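To keep things simple, chains are lettered A, B, C and D as they appear, and every chain counts its residues starting from 1.
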Amino acid sequence: MKKIDLELLLEECLSEGKKVIKDGNVADYIPELKNVNKENIGIHLYTLDNEEYSASNEEFTFSMQSVVKIVLFALALMDNELDRVLSKVGVKPSADPFNSIVKLEETEDHKPLNPFINAGAIASTSLIAADDYQGKFDRVIALLEKLFDRESIEIDEKVFISESTTGDTNRALAYFMKSRGILDKEEDVEELLSIYFKSCSILASTRDLSKLGAVLANKGKAPWSGEQIIPERINQIVCAVMTTCGLYDYSGEFAVIVGMPAKSGVGGGIVCVSHNNMGIGVSSPALDSHGNSIAGIEMLRVLSNKLDISIF
Amino acid sequence: MKKIDLELLLEECLSEGKKVIKDGNVADYIPELKNVNKENIGIHLYTLDNEEYSASNEEFTFSMQSVVKIVLFALALMDNELDRVLSKVGVKPSADPFNSIVKLEETEDHKPLNPFINAGAIASTSLIAADDYQGKFDRVIALLEKLFDRESIEIDEKVFISESTTGDTNRALAYFMKSRGILDKEEDVEELLSIYFKSCSILASTRDLSKLGAVLANKGKAPWSGEQIIPERINQIVCAVMTTCGLYDYSGEFAVIVGMPAKSGVGGGIVCVSHNNMGIGVSSPALDSHGNSIAGIEMLRVLSNKLDISIF
Amino acid sequence: MKKIDLELLLEECLSEGKKVIKDGNVADYIPELKNVNKENIGIHLYTLDNEEYSASNEEFTFSMQSVVKIVLFALALMDNELDRVLSKVGVKPSADPFNSIVKLEETEDHKPLNPFINAGAIASTSLIAADDYQGKFDRVIALLEKLFDRESIEIDEKVFISESTTGDTNRALAYFMKSRGILDKEEDVEELLSIYFKSCSILASTRDLSKLGAVLANKGKAPWSGEQIIPERINQIVCAVMTTCGLYDYSGEFAVIVGMPAKSGVGGGIVCVSHNNMGIGVSSPALDSHGNSIAGIEMLRVLSNKLDISIF
Amino acid sequence: MKKIDLELLLEECLSEGKKVIKDGNVADYIPELKNVNKENIGIHLYTLDNEEYSASNEEFTFSMQSVVKIVLFALALMDNELDRVLSKVGVKPSADPFNSIVKLEETEDHKPLNPFINAGAIASTSLIAADDYQGKFDRVIALLEKLFDRESIEIDEKVFISESTTGDTNRALAYFMKSRGILDKEEDVEELLSIYFKSCSILASTRDLSKLGAVLANKGKAPWSGEQIIPERINQIVCAVMTTCGLYDYSGEFAVIVGMPAKSGVGGGIVCVSHNNMGIGVSSPALDSHGNSIAGIEMLRVLSNKLDISIF
């Protein structure tokens, strides 16, 4: 990483990001997501020596959406043998959109290509060990409290209800997986999806994402406490899959342009990992055609170029 | 139609049909369907001058399964403007299996290719006009009582329960259609599928199918009463779609080999229409790889060749 | 067929057809095809008792394009055991466009779905028995001379050259089939395609198509001479496949709307078969989105409705 | 990288690799590739301080096959603006096999998903700037002479002829791309493919691949001479695409299991990049179902784990 005035650099990122907001659109397939301030934009760095840098138009939070898929996948890996997880969800990049059902039917084993498309995240959720569905969610919350280093986690109830009432594509994905044995016969699809939708509705700030990213950048260990939150090998798997699959069907381009493990969500957030260096959280609600924050990617591009922190 | 001793011919059909039973398999994806006598085989003709001819190993009934899709589609056409029906379900043959979801995603308008794949039949069911879901089913029963010329219609409850508990692919199809607006936002998928599964579980005999076929062969008019049960134009549409789409992805081959409008079901029944001539019902539970009764098709092939009644 | 003043009816067909020309577009993917008079429109009937009726804006000819696929398929069937033909080309309707390559890769046996998509017609051409490629073409010409009842057949050289220089999709289809063993290892793709392109470039009039249709309507026998030009069983197969596959991915709709065996070409021509009744040739160069003559289909629709000659 | 006795480690890699050879199959779709010693196995490291370590059953060379796609892509990037390259070939991972044509038709822009599937490599070849086709090949050779640090490069003539005579899938890909404008109208497909097949037939050793890998690991600069062979930004792009797309549809799993930029070929070779550390060449001809050297991957897995050199 080049020596550079980080405060100034973040202002430059912000300024470049603002320029492209107009080219994106706020997610509308979950109606409630439309009710955000399109001008919101922020970036936050959390370094492994616990320094923080940030820039934003104002303080704001956003629903994690697909960013939470990292947590669901990590829990699935923590609760099961790797082979069992890989028998239910692949780690293959997909050139199809995140909510596509085609590959579930066309591939021989009918398993979701990877844990970061919707089908794969639903499969991950089903693999989280708990006595009941509420128990699964409690574990999501408990892990996020550690990763965000916070005492409580909030849900955007309106977003949750909105996702739930418009989540028929996800229902189709879940029932299809159930019909093919990826989800168990006993799985209660509505209950399972309820946990999934609730997880997607968890509120986060760019600071939260940067701390989550810092754990991933530190081999699963919290820089602020030294606690091994995610086992090292699982941390590595998660970062590998983030690199090949984290930005939906834009992951290949992102590797070329930014070159770091990352995971985006249609709420506008992106978490990004600079190994042995820092975690980065960005957010801005206007999305490109792939469903990624358009200003978020631009800020990461500028940051990666200026600091020369691509892993490639 | 060639002059021929029909009794003798039907015995020949039966004998040829029996030879191929061993090459087929009884449907197993609905568990209850497995519990049938694989050796069952029958053929029944009902001519437009109300003569009947039949041959079989013994008396038996079977669940209509996809044969009922004719009735669901006819009701959809009777209850709606043609354009409205065609906006929700196409009339395109499909080279994909009957329960495929791929084309729902890949086609631009996301509507089922035709009313005789599962998605299309579910869409047809949603188009039947009634105050509530039970009302839809009452209309199916009422139409079948006329077409079968019977006072009561029975359901195979075990099959119904079996379909319902294993119908997750159909749930996936229905939720996907709901997510794309083919089914209305207000549609209750479980209620709708319940009517669909119940319709598939209706019991019929080869005689029942031959009478249904005789109505279709007679421009929608019952040969036994003269009643116009299905409007003439709708009858024509149904027969056209049976010809291009009635035997799933085997429809093209069937046109070459048999050459008549027909509709098969995984319960083993096939209804076949010889225009201005007669209706034909065949049944035998062992299926070929497309889901069609293997002996049923063989009997229809022999019959069509010997009587020279292909429409082509 | 209803008694009706046919001359008057054909004028009505023409008038209805003219109204929809503006909604279509002349084919542009073969550049030379653009150089036609978009206002050309004609219909010609040839009855089995050798009466003729016609209406048109003026005399014109057009390249047969896909209409010639009937002849290529008939020759393939005349020169090979049916099973051999069916091992190289299916008889399954396709919901994909006529020049699609997707199904060649995705289906298990990699054979073209049917003889009326481009890949299938190329496979048919390869099955025509002859000492060399010119010999294949001579047989196409010889059969067409009989079907058109003419002493010579002409090619539109400009169209041929245009097809050849822009035929890279067809080259892709042919090489793909060769790679999968549908075409033999020894097949010379350029030579084979040259015969195929030349066949597509054969010039015809609506009268020619009506006579070809009359043979098909008469079980393969020329009404004018009594000669059995196409064997009866092959004639039946060809008509069956025309019904399920003749209008590309519009075949299902055409069965509902017109209801007769037919084959269209992007040159604007359509041949249509009214069994035991007459052959029909229509032509008009503006095409709908499926590649079928938009006015041609409209004329056939009016004709079929007024004469009540749908086979369904 | 852990301190470890590298000689011993390579012997362990070799020994683990040998165990899995029996589970793979030598490529047979290019007939000449079958004529190799299935027991061949080797690994070679070339560090950035110019130390070398190796282990193998015997000295052997192999045709580069898809490993050469790195060079074709690098040349395309060196000879064109990045945007021009990206308009002809994407950088998206593909879940389809390396010779699949489906996505070329199904994606909106019809461009190959990435430069490491066959279609993408053919498109890369067409982008190499030269006066004629021989000139393109001369540039491939010239670049490889630098990357391998050798004075001459050899071709396996038998493999070249074998590829050429059985390359019909590649012809299909090329003509399809030409039909969609990815290749220019003026492109001579046979000439272009000849260069492509010749490039695939270039012979290499594991030492050659390790030196190529060392250049990539050193930001494009030869460790032995300090020459900047590949511009730094292009080197970074190539390594990014190797990570997401280098092992065909196994790239996602490889990232999880090995975690380094790599590129495999059906000749059995794999080049692998440990940034700022070393280049790695492995080879063994038996392939897994994805077309990757089964023992090669196993050796890289052991090496990566023991040295802890995954980038994730």
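Quick notes
One rule holds in what follows: a residue touches a chain if its C-beta (ideal position, glycine included) is under 8 Å from a C-beta of that chain, and two chains touch if they have at least 3 such contacts.
Worth saying up front: this structure is predicted, and the values here are computed from it rather than measured.
Each chain's centre was taken as the mean of its CA atoms, and the one lying most distant from chain D is B.
Between chain C and chain D the centroid-to-centroid distance comes to 47 Å (mean Cα coordinates, whole Å). Spacing of chain A relative to chain D, judged by their CA centroids, is 32 angstrom. Averaging C-alpha coordinates per chain places the centre of chain A 54 Å away from that of chain C. Multi-chain contact residues of chain B (touching two or more other chains) are absent. Taken together, the touching pairs link the chains into one ring where each has two partners. The part of chain D that touches chain C in the complex is made up of residues 100-102, 104-106, 168-169, 171-176, 178-179, 189. In the complex of the two chains, the chain C residues touching chain B come out as 90-95, 103, 107, 113-114, 236-237, 239-241, 243-245, 249, 251-253, 255-256, 259, 261, 275, 310-312.
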